[in-house]
Amino acid sequence: MSETGRRIEKLGIKLPVRNRKGKGAVDAVLKGDLLFLSAHLPINIEGTPVYVGKVGTDLDIDTAYQAARLCGLNMLATIKEYIGELDRVDYVVKALGLINSGGDFSSQPAVMNGFSDLMVEVFGRRGQHARSAMGAFALPQNVPIVVEAIVKIRS
Amino acid sequence: MSETGRRIEKLGIKLPVRNRKGKGAVDAVLKGDLLFLSAHLPINIEGTPVYVGKVGTDLDIDTAYQAARLCGLNMLATIKEYIGELDRVDYVVKALGLINSGGDFSSQPAVMNGFSDLMVEVFGRRGQHARSAMGAFALPQNVPIVVEAIVKIRS
Amino acid sequence: MSETGRRIEKLGIKLPVRNRKGKGAVDAVLKGDLLFLSAHLPINIEGTPVYVGKVGTDLDIDTAYQAARLCGLNMLATIKEYIGELDRVDYVVKALGLINSGGDFSSQPAVMNGFSDLMVEVFGRRGQHARSAMGAFALPQNVPIVVEAIVKIRS
């Protein structure tokens, strides 16, 4: 088992197994040593949303934080599927988190931390990334958050 | 005529001719073999929006799908202007679609397919891309969708 | 003093001194000759928002333009912190501006020009960039605009 694999196991993290989308949109595209990752949703293996609703009105920050973490777990699963081993991740370059916001909710970064903290748990300092977190008016399937990212792969 | 040119002609697709923006923002920037494309709008050659309004309240999915396709056509025109021949497109790396959403509309991906399907029509499998589609609260000139993208150019 | 430094001084522009975020999100990540910059806010050195509210209802375009410019100034400060000298900026590749929009405001590009104009003031034609400007439903700390960008560094 790889070093990152052992760390994930030790953290008790289980990666979901996902199916690709097909058609025009795919889960990721590798360009040179950069893996461009599509927006990942807080869904289960069947593609059903685990979290639904707007943060601030339907969901509180703690729940949305968990949804952001699930986006990250699904992304890790995609990365593993595309490059074989998470050990091949050199570092996380950037992430954009879109938070389905209701009312006057303005703590999008606190939600996005669910994703960012996971990256640091798994990759250490190499998990630190440039980041934007903003409030979307609406998201697919009414999920509370989606996250897209760019990851640097070891050449 | 190039291979892609012939395919576009066969599909009956006509590319609009567009003027650059100038000033601080330009339609695209080439960095190495990556072409970074600005948000493209569903506008005609004069810059007038062909589609206006929010999806879910003012526009239905099918109409918004056509608007997304027009964003893609305008983007193809920009690509051609910047690199000369669409044949020089190696593959589409990623796209971000911002859908002007009203009410509780949450089928942003179905709208964005208008862009993604066009890329696959024109470029085949090389048109497949990492993708994010989210609901914006508002868009310039109240258009229903804008799409930005990154395209890999053959070196 | 560097050439860009002199130009900035001549323009009377003072760069703020900022503290890094730490944790999962950092202000920027350098990948090869590309510097990926996090969303920058119109905040002062202490991290307090200088501008607050939604454009179109709480703020007019001119004020929001200044907020966009402040996002740019903060970004220049980050760039300088990460690469030492602004002269090392080869060109600005792309920028994404998220404008906290109220009512039926749809002139997001006019707001974003506050950022884009600054880049051209400081870097000349090399400041021109691919750009997207869209209306967010909500932003962190209820600021009127955040801007993220990718900048090409001289190798």
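Think of it as A, B and C in the order they're written, each chain with its own count starting at 1.
In this section, a residue touches a chain if its C-beta (ideal position, glycine included) is under 8 Å from a C-beta of that chain, and two chains touch if they have at least 3 such contacts.
Bear in mind the structure is a predicted one, so any value in this text is a computation, not a measurement.
Colleague: Would you kindly give the rotation angle relating chain A to chain B, two copies of one sequence, based on a CA superposition and rounded to a multiple of 5 degrees?
Modeller: 120
Colleague: More than half overlap in residue numbers between the two sides of the chain B-chain C interface, or less? Answer same or different.
Modeller: different
Colleague: Just how far, in Å, is the C-alpha centre of chain C from the one of chain B?
Modeller: 25
Colleague: Touching at least two other chains at once: which residues of chain B meet that condition?
Modeller: 96, 136-137, in rising order.
Colleague: Give the list of chain B residues in touch with chain A in this complex.
Modeller: Those residues of chain B that touch chain A are 34, 91-94, 96, 99, 101, 104-109, 112-113, 115-117, 119-120, 127-137, 150, 152.
Colleague: Along chain A, where are the residues that touch chain B in the complex?
Modeller: Residues in contact with chain B: 23-29, 31, 36-39, 96, 98, 136-142, 146, 148.
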